[in-house]
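Both complexes shown next keep chain A, but they swap its partner, so chain B is in the first and chain C is in the second.
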Partner chain A sequence: MAGEVVPYAVGVAAAFAAVGIFLAAMGFDVPRAYGTILFTSFRTANGFVQTLLKFVPLLLLALAFTVPLAAWKFNIGGEGQLIAGAVGAAAAGILLARLPAPALLPLLLVAGTLGGALWAAVPAWLLYRFGINEILITVLMNFVSFGVLDYVTTEIWPDLAAGHPTTVPIGAGGRLPLLVDSPPLHAGFILALAVAAAVYVYLTRSAAGYELRATGANPRAALLHGIAVRRLFVLALVLGGALAGLAGAIEVAGVHHRLIEGVQSNYLLLSILIGLIAKGSTLAVPVVAFAIAVLDVGARAMQRTMMIPVEVVFVVEGLILVFVLLADVVRRR
Partner chain B sequence: MPALPAPGPTGAAPLLELRGVRKAFGPVVALDGAHFHLGEREIHGLLGGNGAGKTTLMNILYGLYRADAGEVLLAGRAIQIRAPRDALRHGIGMVHQHFLQIESFPVAHNVVLGMPSRRMLPDLAGAEERIRALAARFGLEADPRAPTADLPMGARQRVEILKALYRDVRILILDEPTTNLTPQEVDSLFASLRTMVQDGISVVLITHKIREALHVCDRVSVMRRGRTVLTLGRAEASEEALVRAMVGEEVDVRRSLVFSSAKAGPRPPAGPPRLRCEGLTVLSRDGVALVKECSLVAHAGEILGIAGVAGNGQRELVEGLMGVRPVARGRLWIGDAEVTGADTARLLGLGVTYIPEDRLHDGFLPRASVLENLVLGFHRRPPYSRGRWLDWPAATDTARRLIAEYQIRTPGPQEAAVNLSGGNIQRLMLARAFSHPCRLLIAHNPTRGLDVPSTEFVYTKLLELRRQGVGVLLLSEDLDELLVLCDRIAVLYRGQIVGELRRAEFDRYAIGRLMSGVAAAG
Partner chain C sequence: MDALEAFARLVMLTLVPYVLAGQGTMLAGRAGVFNVAQEGIMLVGASVGFLGAYLSGGGLLQGMLLAMAVGGLFGLALAYFTTSLKMDQFVVGLALFFIGLALSTLFYRLAIGVTLTPPLIPTLREIPVPGLSRIPVLGEILFRQNALVYGTVLLSLVLYLFLAYTGPGMALRAVGENPMAADSLGINVALTRYVTTVVGSMLIGLAGAYLPMVYTATFTEGMVRGRGWLSIALTFFGGWSPHLIFFGALFFAAVEVLAFRVQVTGVGIPYQLILMLPYLATIAVMLPTFRRLQIPAFLGKNYDRERRLLL
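Showing the complex of A and B:
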């Protein structure tokens, strides 16, 4: 275990060091900048809650990427599936606004999960029926989802008083309960962790999870040993879509309490980065997702206080991935 | 035993000498202490089991690998061979088991491909003329204008040999040239080799078959575990001495099945049908019939062999039977249950075990553990699982037992399977296939790539299953293997069963005629 962690720690340090050289050359105060990036999340309660709120969608979206990856299928459509989930959740929350919380909240979460699953079912079906590459279709479905999001927020249930394309609020019963009132932390955090644990158990202990991983390791061997490979690809992609859809539902029910344009933030790219750094390991994904959430929150604080562009952190994150992959190559030698 | 440089048939100094060759691939030492003498005008057999290092040694001579240590002497002078180009310049040519040919080219184009030419356009008419002359001189029948893709395996091999002769080689290396030939084609190839030797060419014949080596070679060198252990002239060479040298103490030669002759005692009558197919037809994507109207019955307690030159529909037939490929027409039964159109999982559930041909590509999970590899295909059955959930503790216990029983060298069940050596991967696949009770075993080239002890193990296991009343369908390109093991042999030619022989009727040449489509038996 230690033998595995050390090269990665070196890789992370090297990424920070490389970017630090450039920041220093540009005249910035590097220790203070890195202090801000790394410790904003832990200095104040608000910073920590901000981090956890980022962590929830990042964790679920990263799983939406790694579950199909176990079967060696690439789901690059997490943001479209998140939006589809958010639309489904918002629709349930607005149309059934009068229902009491015990009925509305589960309905809303289920609607979101189904929305994401349906959105992923399109590329899954095209792959199953015609063998069309899933990477292409999942990416293209993202663009379709932007149009849907725009239409829903400006035409179907627009909140005309808001200055930004936004729907009217969902019913009060659709809001996720708060774990902490101030600063507000919603219960989606617990839900996301529970889902991650369930995904881990499913992939490692169930026969279907084993089939998924066997298919990813060698689809031809899996096929010859009685595994319905093409059906599993559908399962993998739809499961991924469901996870992303749940992330969308949690954003609606926990954070915004309505559907807003831009709900997807930059989560897709970050989640793929998380999945790749974690190398698809369900156990590593939560840890990496938390670390990336810390960096993201810290980076925004750094931009506010030191005028260093937030993109610096993207460079660091990108370099971390490069160095982690390099560490693998070095270890193999 | 140290090899003495035996004089060649001409008594002259060796034409070619390899000394003290060593080659390691990572931690695996493929060659250590390998040497080889080739005399003028001789056919020199290089004999050994799989993994003995024969092909590696010759690939070094041909410039495909670079040796870690050792030297090559040609007519007494040390030479450097860095690439096949260097080898060809020194008059050394090699024909590999897998041909490097461009299928859409006519034969003549494939022969001249890669030859240096001073002209803008190669002189194809001249080339065709020369190819015809070479073919006539050495008895290597080939039409220079025929499209390569249409040729059967035997003809494609002749093209490959002509390619070397066209380059004026003086030393020709053939790697297991008889693998895909019918017995008749083997005879004709050996006759051509004799003509070449009379013409002043020296031939190295890589083979794992002792009878072949004794039949055609002037001298035989035996390799085992990367070393040259013995070189004998034809006069001194006996089958027994060669067998001993090949396997050392690893196999009890007297009781060995691998080295036994085809004659065996009477066999008990077979039981009820375990596999029955009628009129099975498998089509390619373009609608071409790859398997045509195949009807077969394999009974309990019987080994039914399918003979045929590779590429005559074996793979398609098996995949059709196993539900991997769609079957266009025909019906299929396992025992009494009709399984026409059933998927692979259903067949496995009925007690069918399948050993695919290319075990690395068709059966191995590189990114998984040893344990997960052992479970594949049995992951919805006890002792590995209770339906939907895998029972990893129980599976680990079973895996530990199999690792010990099948001598898989690995630190434990959790070890990443990529770290296994080739031989250990093969043992892992055998452990998986043979460790579960089955009613029907379908094995496709089960001993391809196995060393002698592992081959011996597979033969023993197949006969044991047969005694236990399992039905066995054995598809093999190795006719000797089929002759030793089978109760009946059906011959597949261009996707059709063209004949079937009972054990009492087994005849190498009769089967060979069927394999080449010459005669359809009634």
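Showing the complex of A and C:
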């Protein structure tokens, strides 16, 4: 275990040190900036809930990247899949607005999950049928989803009173119940943790998960042992899409209670970063996702109070990734 | 006729970033390094290209050189991590994509800050070719363009001749097709991969710098808008060969110009559909062509001369 944690700790420290030197040279107050980045989440209840609300989509999207990664397929389309899921969930929530909560909420979550899975099925099918590189199509589908999101929020169910492209609210029965009333924390937090646990069990403790990982480790060997490799690629990508779609549904049902433009935030980039820093380990993903959520909330506070651009923290995160990967190389030798 | 002429002229203008980024991707790919950081490198190229020009008082050349230098550094990092340290090419590429995206905004914020009106640079001038620009129609379309339009045509031609007919060009291809055989013939596999990846990334950085210098005169967040990813598609579409990439870029540029035109004039099609058009069109052309495409056999795979089994 120590052998796992030490390189992470060294990588994190080195990344903060490198950026700290740069910030100090620019004339910023580094201790105060780093204090803000690291402790904003823990100083107030509001900050902590903010962090958890960010943690939920980050965790699910990082898993959406990690599950296909186990088969060594790269799902860079989490953004589009999240949007497709949010659109599906909003459609259910608006069209069936009168249903009572016990019916509407599950329907909405299922619609979102299916939306994400369908969105990922396109690159999965193209990979299966034509062998087209999945990185390419998953990314391009993100850009297509932006158009869909804009169309739904401005043409199909627009809320004309809102100043921003937004749909009308979903039915009250579609809202996720609150775990804490003030500041509001929705039950999607529990749902996301349960899903993460299920994904962990699936990937590491089941035969199907083992086949997936075997395919990722050596597709040719897997094929020779009778694993339907190409079908597994499809499964992995669609499963990833379903996870991202669920994230979109939770954003609609738990946070916004409607579909808004920009629902995807910058979650895709951060989730890829999380997946790569965790090196595909489903056990490490929740931990890294929480850490990145802390940094993101802290970075925004730093930008507000100290005028230091939030991108500084992205650079720290990018460096952490590079150092963690480098640690692997060092260990191999 | 006039409308068509204007359209063709714009296509030639819009071609440039696709060709530059496509050829940059191709160059590294033919030696076996699959760069997937284009979007990030183009963004950082757009950012430092703009800043270099702005801070030097409008020196577009300084901006371009800076963008190429920074792009080259990204290429150097990619080559070092993959070729020397044998790290996975996609993982490193995605990490560089992320870092490029972060740096592009960071540099801009640190140098410019938040302003009410965007800071502007002059855009790239047209340079009519003496004599040729007076040919009716064709002169307007081909010979009244900025220097980089001529540059990309020349670059594509040179790359084509270099790869097809020269010794070093063939050596380069051998490294991407069968590094073990190339190595046994005394071709320096690592050096080839370093050079192609660095030069390729310089071209990608320049492709990014073209955007503020021709389209917008300023830098905005995320202004590359997927052109980096599209250039990967273009490279596949062009079968990783320079002349086909050039002609394939005509298609990508035409779709972009068309989408822009329809957006401005509005023909009753929902404009969201127009926004999706370049990406949908790209996916559509990949369908019938992808199977038949030539792909370097060692694309995306690192070479370790100590290993005896080639996978």
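The definition used in the following text is that the second predicted complex is superposed on the first by the 333 of 333 C-alpha atoms of A that agree within 3 Å, B and C clash if a C-alpha of one lies under 4 Å from a C-alpha of the other, contacts with A are read in each partner's own complex, and residues count from 1 in each chain.
Keep this in mind: a residue touches a chain if its C-beta (ideal position, glycine included) is under 8 Å from a C-beta of that chain, and two chains touch if they have at least 3 such contacts.
The structure displayed is predicted, hence computed values, not measured ones.
After the alignment on chain A, I want to confirm one thing: do chain B and chain C clash, or do they fit together?
fit
A:L283 contacts which: chain B (first), chain C (second), both, neither?
A:L283: touches no partner chain.
Which of the two, chain B or chain C, is in touch with more residues of chain A?
With both complexes superposed on chain A, more residues of chain A are touched by C.
Once the structures are superposed on A, label A:A228 by its partner contacts, choosing first (chain B), second (chain C), both or neither.
first
Just chain B (first), just chain C (second), both, or neither: which does A:R220 touch?
In the superposed model, A:R220 contacts both chain B and chain C.
Using the superposition on chain A described above, determine whether A:V312 touches chain B (first), chain C (second), both, or neither.
second
Look at A:A172 in the shared chain and tell me whether it touches chain B only, chain C only, both, or neither; answer first, second, both or neither.
neither
A:A17 contacts which: chain B (first), chain C (second), both, neither?
neither
Go through the superposed model and pick first if A:R205 touches only chain B, second if only chain C, both, or neither.
In the superposition, A:R205 touches chain B alone.
Look across chain B and chain C in the superposition and give the shortest C-alpha distance you find, in Å.
Shortest inter-chain C-alpha distance (chain B to chain C): 6 Å.
Of all the chain A residues, which ones make contact with chain B and with chain C?
Dual-contact residues (chain A): 220.
Contact residues on chain A for chain B in the complex?
Residues 205-208, 210-211, 213-214, 216-218, 220-228.
Show which residues of chain B lie in contact with chain A when the two form their complex.
Spelled out, the residues of chain B in touch with chain A are 322, 324, 343-345, 347-349, 354, 356, 361-368, 372, 375-377, 379-380, 385, 387-390, 392.
Which stretch or stretches of chain C touch chain A in the complex?
Chain C residues touching chain A: 36, 81, 85-87, 90-92, 94-95, 98-99, 101-103, 105-106, 109-110, 225-226, 229-230, 232-233, 236, 270, 272-273, 275-276, 278-280, 282-283, 286-287, 290-291, 311.
In the complex formed with chain C, which residues of chain A make contact?
26, 74, 76, 122, 126, 130-133, 135-137, 139-141, 143-144, 146-148, 150-151, 154-155, 220, 269, 272-273, 276, 309, 311-312, 314-315, 317-319, 321-322, 325-326, 328-329
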